[in-house]
Structures are given as C-alpha cells and as structure tokens.
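Two complexes are shown next, each including chain A; its partner changes from chain B in the first to chain C in the second.
Moving on, here comes the complex of A and B:
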C-alpha cells in the first residue's frame, strides 16, 4: 500500500457521486446549505425558514460524507508517516482514536440523515476535506484538518444541535451534542500537536498556521459561517476556546468570514 | 461480635493462583516489545486501508478496529517501563525478519477490489496468531508476580475475540463465488507460510512447545 493516497482514488460504492467544489456549489440545492449563493439573502439555519428542513437535510448529508473523509484522513495519518521523528507514537494513537470517533460519526450521521428524510447519494460529494488531509507534513495536515476543518465541524454541530432544539427533535439534539464533544477533543488534539511539534520551529509553525488559513478560507465561501445574526452557520466561540483557540485566532476566523461575505456581495 | 484477632490464610480457600510462571522479567519485556510492534503495524495498516475499501460497513469497522489495536499498543508501551525498559523503543521491534516480511505481504493489497485479501490477512491469519500467543502468555505467566500483564492481556483478548468475529463475518459475507473463495484461501496460505517461518507473532516459541523431548537410550 502506497504512502499518500490520492483523493481521486478514494474508494466509494455506486451511490456516491463525486463533484468538484465548483460543481457542487453550482447545484441549486447548495444554496440551501450556504443560505444564499447567487444573491439570495443569508439566513441562520432554523426550522422556521421556508427551506429550513431541506437545508438541514442537505447539511446532514454533507456532514456524513465529511465524516467519511475525516475517517479516511485520520486513518492515512496513522499509515503515511514513519513512527519516530516524523510522527511520534502518541500522535498516531490520537489519530487512531479519531478514526474510531469518525467511524461512529459516520454511523450517527447516516442514521440521522435517514431520520431527517434524505438518503445516501441524494447530494454530491467533493473531496476538499480529504485533500487537506493529504499534506505531506504531519503538522500541516493536523493543523488543516483538526484545527480548520474540525473547527468548522464544531460550528456546524452546534448549529445543528440548536436546530434540533428549535425543531423539538430530541434525537437530533442529543446526537449532535455527543458529536460536538468529540469534535472539541479533535480540535484540541490539533492545537496541542501544533504547539508541541513546532515548539522550536517558528518557520514550521508559521507555515502550518498559513495552511490553516488557506483551508479556513476555502470553507468560508460567501461567509456562510460567521458571527452575524443571519450567518447560516454560527461561529462558536466557547467551544473553540475549549479546543485551544485563542481569542485572536477566533477573531481572525470571524474577520475572514466577514471578508468572504463582502466579496460575495460585491 | 467478630473476633478480629482470629487468623486467616493470605489466600482464600478458593484462590488457587500460583506463584511460579514461565517468563522472567526480561523475557516478559522482550515479548511485550514484540506484541507492541505488531499492534503498531496493525493499527497503521487498518488506518491506511480505510480510504481504499469501497464497502461502507467494512470501512467503518476498519476505522473502529484501528483504534482497538492502537490502544493495545499503548497498553504494552506503558507496561514496558514497569519491566525495567525505560527506552521503550529499544524493545519495540519485530521478533525476526520473517515478521517484517509478513507485514509487508499483508499490507501489499491496496486496490479497491482486494477487500477480501485485506480482511483475510488480518482476520484469518494475524489475529488468530495474536490470540494464540496472548493466550499462551496469559495462561503461562505468574498469576501473582505478573498480574499486571495478565490484566492487560485479558482486556486485549476481549477485543481480539470481538474483532476476529466481526472480521470473519465480513469475510464470509463477501465471499460469494468459488473464485472468491479460492482468492481467500490462496492469500491465507501465502501469509500462513510466512507466519510459519516467523514462528508466530513473538517468534519461535510464541505458543510454547507441546512436544516431549525424548532422550534416546543406547
């Protein structure tokens, strides 16, 4: 088995449909997730919106395929790097733990997707998340995946948990809260390893944080994740703090989202 | 009223644990080092394979089992310093070159259509050999001096049995034709031959020697 497995070869059954991110965002149903692609007004994801339940279903499908790729990415981090200087045993053990968590998240989200009225393959999949997990430097990989993408997952799960609460759906609220707890743990792993492995390497730290920004920017399309009242996905300060983010780092993500939103409007 | 001065034996009548064991401290540390090496190689492989298998249920099981074996590696890693090995990496080695060859062959299948081979290597060859070696160690070591190892092995064996059962059922569910059966058997034979040369996951003596040595009289 090779080291570094390319995203285009990720093994899937016939139900999965792979699209580029551009294609996926061009899907008119994508607007339900982002809350407004081409001029549509942004709106926080709530059951009260006319298309709220549809958006939630689409988002749950997105969570499911995201969890598969997160599982695959964590698994590859166990395999791709030589034990020792490249990746300490403790880091690999954390990634193995994350594999188990992500496998359970797949199980949870596929059941929730069905519970919410969608099914596997109704929406397309892009491989952006896994692509971030292909970085050949384990520090950059963990920063991009665990801090940027799992950080986004914190915001998404908290939003879905609130959606479940507002919709009077205790199953959704219960499951999202459990997954949220795991995500905080994963982001904290990323924060801890970033600091440990770059303790005496400022250059590598800078590169890792830059890579995180690139990934954060990729997932900030139209500023759909932010702190504004009408942001479809709400940036969650409290849980990010628990996961090792500083106030400045959270401010930076909020600013990035605002910029993305302004760009989308102009 | 209880007579607090009435003497009792240190071992209750039903407690038949015995003091002697098959392994001294150094032998135990050496075996634990081999076990840890095997667990690391296994969890790395399972993690790597997740992206390569299209079957959703298999993908999720491999991700789950990946953590089980990582946890086993961690338990063995923590046991080594208790056995006077402070540089745990020093003993985290394969028992011989055949075991290295075994893992190279076991992890060779990558293509999406080779799930049967991937599963057979782990669940029909490696895990049964792990269960055998761990059981031999668990039953042979001192039940008093080396109880910490027994406790670890008991937890691990529980996982191994459960994972073996899940893996075996996945294999059975995937073999639907005589050709697929042939593929499974052929891959199993290939890997078993290497394991035979290795002498088991801890090298020769992994499960002891059952034969009686007879000294010929002239």
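Moving on, here comes the complex of A and C:
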C-alpha cells in the first residue's frame, strides 16, 4: 500500500461533490465557512438568527465531512511513517485511538444530519483537512491537523453545543458535548507530541508552529472565529487550555482573527 | 406561458442563466395556477437564502442569489431549491388573496415562529403537487421556533398535512405548541 495518499483520490460515493480550495476561496461573494459566508455581516451563530437553523445544518454537514477526513488522516498517520524515531509506537497508538473516535464521530454526525433534516452530500465537500494531513513530516502533520484543525473543531463543537442548548435541542447539545470531549483529547495529543518530538530540535518546532499558523490563518478570514461577541464561531479559551495551548498561543489566534477582521473591513 | 421578467438579465458572480430561471419560475407559477406576469429580482452578490415579496399586485419578488443556488455546487443554479423558494412566495401571495389571510400581519411584522409555521403549511402543499420537499429540514426549523417536543411535532404534522388553512388556524396551531 502506498504512502501519502493524495486527497484527489479519496474514495467517495456519488452523493459527495468536491469543491477545491481554489473554488472556495475564489468565490467572488466570499468563501463559505461555518455554514455562512465570509462576505456576510458577522453574527454569532444562534437559533435566533432568521437563517440560524439552516446555517447550523450546513455547519453540521461540514463537521461530518471533516470527521471523515480526520479519520482518513489519522489512519494515514498510522501507516505513512516507519515505526521508530520517526513515529514511536505510542504515537501510532494515539492515532489508532483517534481513528476509533473519528469513526464514532462520523456515525454521530450521520444521525445528527438526519435529526436536522440534512441529506448526506447536500453541501459541497472541501478537503482542506485531509490535505493538511498529507504533510510528509509527522510533527507538522500532527501540528496542522491536531492543533490547528482539531483546535478549530473545539471552537466549532462548543458553538454548536451552545446552539443546541439555546434551541432547547438536547440531542444536538449532548452529541456535541461528547464529541467536544474527544476533540480536547485529540488536540492534547497534538500538543504533547509536538513537544516530545521537537524537544531537541528547535528548527523543527518552529517549522511546525509556522505550519500551524498557516492552517489557522486559512480559517481566520473575516474574523469568523474569534472572541468578539458577533464572531460566528467563538474561540473557546478554557477548552484550549485543557488541550495544552498556552495563554500566549490562544492570544495569538485571537489576534489573528482580529487582524483578519480589520483587513475585511478596510 | 406566464411572462417572467428576471433582473438582472445576466450574472457576473454566479453561473446563472436568466432564461433558465424564468422557465423554472413560469413552471412553478403554472403548477400553482398563477397566470399573471411575475418580476423576479435577484441579488447575486449574496449567497444567503433570504426572499421576500416586494409587491403582491403586480407580482414582484426579491431573492438572495443563494436562495436559488445548488448547495452541492456553489455558484451554480439549483432547480429544486428555486422551486421551493418561488413556490413558497407564490403560495403566500395566493393565500393572502384568498380572503383566509385578511387578518394576517404584514410580512415584515411576522415573527420567526409565524414564518416557520406558514412555511411548513406552504412546503407541505408544494410537496403534494411535486414541487418541493425536505420535510425533515422544515421539521428542524419548526422545532427551533416551537420547541423540540411531541406537541410541536404534532402541530407540524397538522400544518404539513392540511390543504388550505386560514391564518387564524395557522396562528392557533403555532401558538398552541410554543414552550
């Protein structure tokens, strides 16, 4: 079986339609994200928005395809690297455990889609998450996926959990809460492995953190994920702390979002 | 064939064809028994899904470009979504003209629960003539406005399955199941 499997060849049935990053970012109306659009006026995702339920449906579908890709990415990390210094057995075991979590999340997401009236494949799929999981360096891969993208997942799941709470929807609230707990663990794994594998390699650590910033920046346009009251997705400090982020690292993500917001306004 | 005027006539930001849109609007109008001229204004800059009636007579409609979009293929026209959007607007016009909705608030005075309830009644009727569907999507929206309860679900079924309710009946069903 080959190493580093390309995103274009991921197996999908006819229900799924792929949208490339170029298509998504090149949409003249603003890139789609979090069930809304980067060109929209900012508004926190709540049931009180006229389009709140539909945005939640679209976001949930994005979570669903993200879970599929996270499963595929963690599975590849188990296989793509030779056992030893490059990828210790404990790292592969963590990735195997993550596969189990992501598979469960896929099943939960399918049930939630049904609950919210969404058909699988109803929205376009973007493969950015899996693409980040194709980095040939396991440290960069874990940093980009587990810390940047799974970190984003913490913010998204918490926002969706609050959405369910406000709507009085116990199914959504509990499912998101349970998945959120797993995501905190996944981010913690990324934080721990980043530090362990770069303990004596400052250059590699810097490269990994830079890669994380690149991925974080891709999801910060227009300030959609931040700490402002009207940020559609709220940056979740407490859970990020539990996942091994330092205050400085969280501040940096918040600043990135504020900068992106300012750029969008000017 | 119903005369449909689509504005703008050409699009820069989305891959829509005004002639195709006009055909879909005319098809929906004919299925609903509307035989008068219709103007459809489209804001192609917006991917949101908002829609409203600018004028009941003559019929003048306004939609976000996203209300006509294929969600699987962003920027592309979606026939099913367009039938749903236009069908709901035209049924609201027919309802208000029927005399059964004389006591309904103006569109801009309807709250989210009232809109959700009326939309359920509209989409249920559209589905029965083959023009729409997504019953579970409507149920989720209805639950968000009326509660995730068995009472709300029963109210939804009554709105969805009824043929021609009056505004007073829709309002009674909607108010009766809110938390």
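Note that the second predicted complex is superposed on the first by the 249 of 266 C-alpha atoms of A that agree within 3 Å, B and C clash if a C-alpha of one lies under 4 Å from a C-alpha of the other, contacts with A are read in each partner's own complex, and residues count from 1 in each chain.
Here is the rule we go by: a contact is a pair of C-beta atoms (placed from the backbone, for glycine too) under 8 Å apart; a residue touches a chain by one contact, two chains touch by 3 or more.
These numbers come from a predicted model, not from an experiment.
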First, second, both or neither for A:181, with chain B first and chain C second: neither
Touched partner set for A:111, first chain B, second chain C, both or neither: neither
Partner chain(s) touched by A:97 [first = chain B, second = chain C, both, neither]: first
First, second, both or neither for A:75, with chain B first and chain C second: first
Touching partner for A:17 - first (chain B), second (chain C), both, neither: second
First, second, both or neither for A:57, with chain B first and chain C second: second
Which of chain B and chain C A:2 touches, first, second, both or neither: first
First (chain B), second (chain C), both or neither touched by A:83: first
First, second, both or neither for A:214, with chain B first and chain C second: neither
Overlapping contact positions on chain A, where the chain C interface meets the chain B interface: none
Contact set on chain B toward chain A in their complex: 40, 43-56, 59-64, 66-71, 73-74, 77, 89, 107-110, 112
Chain B partner contacts - residues on chain A that touch it in the complex: 1-2, 5, 9-13, 68, 71-72, 74-80, 83-84, 89, 92-93, 95-97, 99-100, 102-104, 106-107, 130
Contacting residues of chain A [partner chain C, same complex]: 17, 19, 23-24, 27-30, 32, 37, 39-40, 47-48, 50-54, 57-58, 114-118, 121-124, 167-171
Contacting residues of chain C [partner chain A, same complex]: 12-14, 44-50, 65, 71-75, 112, 115, 134-141, 143-144, 147-148, 179
